[in-house]
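Each of the two complexes below includes subunit A, the first together with subunit B, the second together with subunit C.
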Partner chain A sequence: MTAVSLPDIAAAPRFSLWNRLKGLSHRSATAVIGGIIVAIFGLLSIVAPWIVPYDPILPFTDKLLAPPSAEHWFGTDGNGMDVFSRVIYATRYAFGIAIPAVLLSLAIGVPIGLWTGYRGGWADEVTLRFSDALRVFPLIILSLAVVAAAGQSLINVVLVIGILDAPVFVRVVRAEVLQLRNSTFVEAAVATGNPVRRILFVHLMLNATKGAMAQVAVRAAWAVRITATLAFFGVGIEVPTPEWGSMIRQGAEFMATGQWWVGIFPGIALIVMVLGLNMLGDGLQDLLDPRRRASAR
Partner chain B sequence: MTLGRFLVRRLLLVVPLLVFIAFLNFMLVRISGQDPTALIAGPTATGGELAMVRAELGLDRPLHEQFLVYIGNILTWNLGQSWVNKRSVLNDIWLRLPITLELLFWGVGLGALIGIPVGLRAARHHDGRFDQLARFLSLLGFSTPTYWLGLVMILVFFYFLNWAPPAMGRISLLMTAPPVVTGSYLLDGLIAQKWDVVQSAFAQLVLPVTAMAIVAAAPIIKQARAIALDVQGSEFVRSAQAAGLSGAVIRRMVAKNSATPVITFVGTELTALIGTASVIEYIFSWGGLGQWGLQAIIQADFMVVQGYVLTLALFSVLVFLVIDVAVFLLEPRAEMHA
Partner chain C sequence: MSTDLLAVTHLSKTFRGPGGVAIHAVNDVSFAIRPGEIVALVGESGSGKSTIGRAITRLIRPSAGQVVFRDRDIAALAEDECRPLRKDLQIVFQDPWGALNPRLRVRTLIEEPLKLHGTADARARTARVEALADRVRLSRELLGRYPNELSGGQLQRVCIARAIATDPALVVLDEPTSSLDLSVRAGILRLLNTLRRETGAAMLFISHDLGTVRLISDRILVLYLGGVVEEGATRDVFERPQHPYTQALLSAHLPPDPKAKLARHLLDGEIPSAIHLPPGCAFASRCPIATERCRHERPVLMAAGAADQRAACLLVAEGKNRI
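Here is the complex of A and B:
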């Protein structure tokens, strides 16, 4: 009898973050590149106060609209504030609004999606009609109008983005629950006497929120975009705030007269950040959603 | 189901939707907490005059009655007047709607003309270099803020290259507008045979329409590609391939079977794009519905905001209606959308 040859454990690649990333990047390079971009911006937002050369709202009154130079990499704006420092600092507003807004959407959308998908009936019908009805409004305009009506504050911006975006999560979670509702594990959970609450928030929540998780990055991208749009129209965020949209608003005045640096740099930062989140989201959706992968084959 | 019965059922569904739209619109002014009384009565009004204006506007009545009054007003085509300049809201909507629709029409048309072939080609060469490029460009388009794109175009093509006229509306400031027939300077110029007007109107259109097309093309590429991939992978295409049908025939089959989801998508997208058109109008001082509405939002002129949001919502309701009829005619077994 010959000995069964065992796989050589020592030769197997050791688990490491690097190997893990390499493996992932084979399956979805998009997700990895997007993730790296988002991580860099996240890091910048944390260390911003220590790395920016100047206070983002300190006006150099003798250097209004100075073009990019060694002293001011991205030039100065109409108030004489350092554009580079402001662009870096603005990452704080991007994350500071997008994260709570998406969490709020999740907190509203996931329970409603679970409940309506599981229970069906009139509640399901009403929710569905409601979220369909909301779709006749262009989201940008509705957000602008509601924040303008509700009053200028960061809290209102977060609330409006979070609430108006919740139907996305309702739809995704509901669709997944509908597929799982009659599966064996739910039946078993019901048969062993679990209360509905437990079935919803333990059994189904663990199994039916993959799609929602894949959506998180995409919705965060949307939240960052819409925050900047609101700020561009002077809604929700006051003017000297170091926020990309607000900076582009000021830059718009100087675009037709050639002081391009005021508006161009914050725009590029905004695009790269949103692109990173979108790439991350797009890649995650491909990785997590087997149907998308199948149809892409 | 016959087309007649379908239409009746579909129109019945619109009624609660319209009530919902009106309610949301009504609430918009309520949550603003703005009291237009002082704005309308003027700064010298006495307490008695203020009370009169309040009664006239119905602001002294309970909320549900106010809502009924609002519904009644809408049904009798009374959308009130601007709090800022006292102009009739309905009049301004009629005046400005065609201006916005012109931009939307050319922009979305050009966007579809670019987006659909690119998306289909990307699907055909799935995972190839072209596909990857198309996917990236589409994501880039999704991530670029409309207003910034517009500003960059003004910077490059007006300030640096001097190819485009200043972004000051729909026609050169030195020119008199042609007599109004359609509301589009381009068409009106053609009708009046004023070639300099046509030329100027066209020059003014180029930048905003291009910006609109770029923004519109991004989702169109993505969706056209996804739909084509879906159809490509389906059984009937595989059997057609197995049967040895030529590439051209199969391509025609894919295009035909993609039509329904494409039309449905165009509907949802048009809703978003009329919002985008507003932003572009604002950047290019276009003077249509969008610039008017956005300015009202900035100035907190909520009577105008109400009319503006209502018009956009009604536009989408109409688009969805037309689309459902189109889908019904193409594919009678399709279910109704709300």
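Here is the complex of A and C:
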């Protein structure tokens, strides 16, 4: 018998992070680009204290509204604070509000969606009507009103965004549960003697949260946008705090007099961040939706 | 205390169909299962076999009648009260691909009934899961896999392991082999036979495959349009079927011996609609020997043929029930 030459195993492509990323970008370039943008912002928010040239709330009283220069890359604002440092620092507030708000939405929306989808009947009816009623109001107006009434604080902004956005998760989870409710494995779970609690939070939750996961980035984008909107209207976050919305508000005032840098830079940062989150969300939906994925393969 | 493990009396189930029409899936069915016995429930699709299986395991609530399991009527119990009983009353479904949570590993799936009903000790459970895997002849290597990595036969073994994990007194097997390949089917049937010897569990074997039923069951119930038309010991029913429907059914079944003489009675038409039940015998519309009386008078099960054999046919009394 002659020796059969085997293919060189070492020459086969390595299973590395880089290769995985390449494979993923083949399936959804949108998700990868969005993910990279969000990752860069995330990194900036973590290292912000070490990379910013100045304290973001330190006013240079002698340099009000200084244009961009080597000293102040994005110029200074009406209080003489360094715009570059503030734009970078604001990523902390964007993530600091969006992440807990979306987690809160999930914590409220997923259990309600599981329960109403599984139980059906009056519970389902009531929840649907309630979330529809909530949807009738434009959310921006509603959150403006609620934050204004509840009091200006970061916690209130998180609570309002998290609670008002929960119906989105109720709906996607409920829709998935409705499809699974009559499947044999749920029936088998009942037959095995699972209590309702375990059917909901083990059997259904493992199979019905794909849609919710795909929504997470999109809802985070919404949270970032609404935080900025609230601050733009002077609700939620107080002025010296480095936050894009309040910076844009101040910048708008100086736009007419030619000090464009005050508002443009935080505006660009906000747009790129929201765009990145939305791209990530869209891409995730592509990847997680079994039908879209099947056609992509 | 009766000797029956399960006694079903006057069980009926009516579903609400589209537009509110009543679909009579099961009509006034009574039968009993003794401990350790394998009873087969045969009938064509739409005859109400699976509905009976689900009513017995209280996955659906019967519209009328009693399901007495261990001297307790479970038909009327709330789901919460049923839960402890499920330890002794298990079911294996037809479709093993759909009956297992795709996101749980095989080990977790087999462990689940133990967790819910049995041992709190994790180490004891692990040992039991491995013992169960051995018992259903499932390689232990597969315990770490997910359901989509297993074949249909392997998945059905997992389902059976789950069903017998808590040593139930009765296992309902809802067409456990009909979605499997023939070669795999034999293995599962062998396994069920062995398990019955080893565990002593009674089984209700739901099937439309007469060959399978003949191999495995002690007694047989023939179902037509939601009602029992014949019951008796498997051997008696196969050798001397009394009801015309059973006779036609058995004549349609190919014997293993190719030289055997075939006396075929082909039935015309379809099983009647379960929405408008015929006033008389359910089988009268297709029965080759039906009389005018059959179309108006509803027959009840009466002794026919061998001891313990009964058929629901008016012609039995006159001895004219042979087709």
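Points to keep in mind about this one:
We adopt the following convention: the second predicted complex is superposed on the first by the 278 of 297 C-alpha atoms of A that agree within 3 Å, B and C clash if a C-alpha of one lies under 4 Å from a C-alpha of the other, contacts with A are read in each partner's own complex, and residues count from 1 in each chain.
Definition applied: a residue touches a chain if its C-beta (ideal position, glycine included) is under 8 Å from a C-beta of that chain, and two chains touch if they have at least 3 such contacts.
The structure presented is a predicted model; accordingly, all values stated were derived computationally and were not measured.
In the overlay built on the shared chain, the residue A:M279 is in contact with subunit B alone; subunit C does not reach it. More residues of subunit A lie in touch with B than with the remaining chain of the pair subunit B and subunit C. In the overlay built on the shared chain, the residue A:R197 is in contact with neither subunit B nor subunit C.
With both structures placed on the common chain, the touch criterion links A:T257 to subunit B but leaves subunit C unconnected.
By the document's definition of touching, of the two partners only subunit B reaches A:P138; subunit C does not.
Of the two partner chains placed by the overlay, only subunit B lies in contact with A:R129; subunit C stays clear of it. Contacts of A:H26 after superposition: neither subunit B nor subunit C is touched. Within the complex formed with subunit B, the subunit A residues making contact are 30, 128-130, 132-133, 135-142, 144-146, 148-151, 221, 225, 228-229, 232-235, 245, 248, 251-252, 255-258, 260, 263-264, 267, 270-271, 274-275, 278-279, 282, 294-297. On the subunit C side of its complex with subunit A, the touching residues are 57, 59, 79, 83-84, 86-87, 90-91, 93, 95, 98-104, 112-113, 116-117, 159, 162.
Subunit A contributes residues 183-185, 187-196, 198, 202-203, 206-207 to its touches with subunit C in the complex. Within the complex formed with subunit A, the residues of subunit B that make contact are 16-17, 20-21, 24, 28-29, 31-34, 126-127, 135, 139-140, 142-145, 147-148, 151-152, 154-155, 158-159, 166-167, 226, 229-230, 233, 268, 271-276, 278-279, 282-283, 293-294, 297-298, 300, 302, 305, 308-309, 312-313, 316-317, 320, 337-338.
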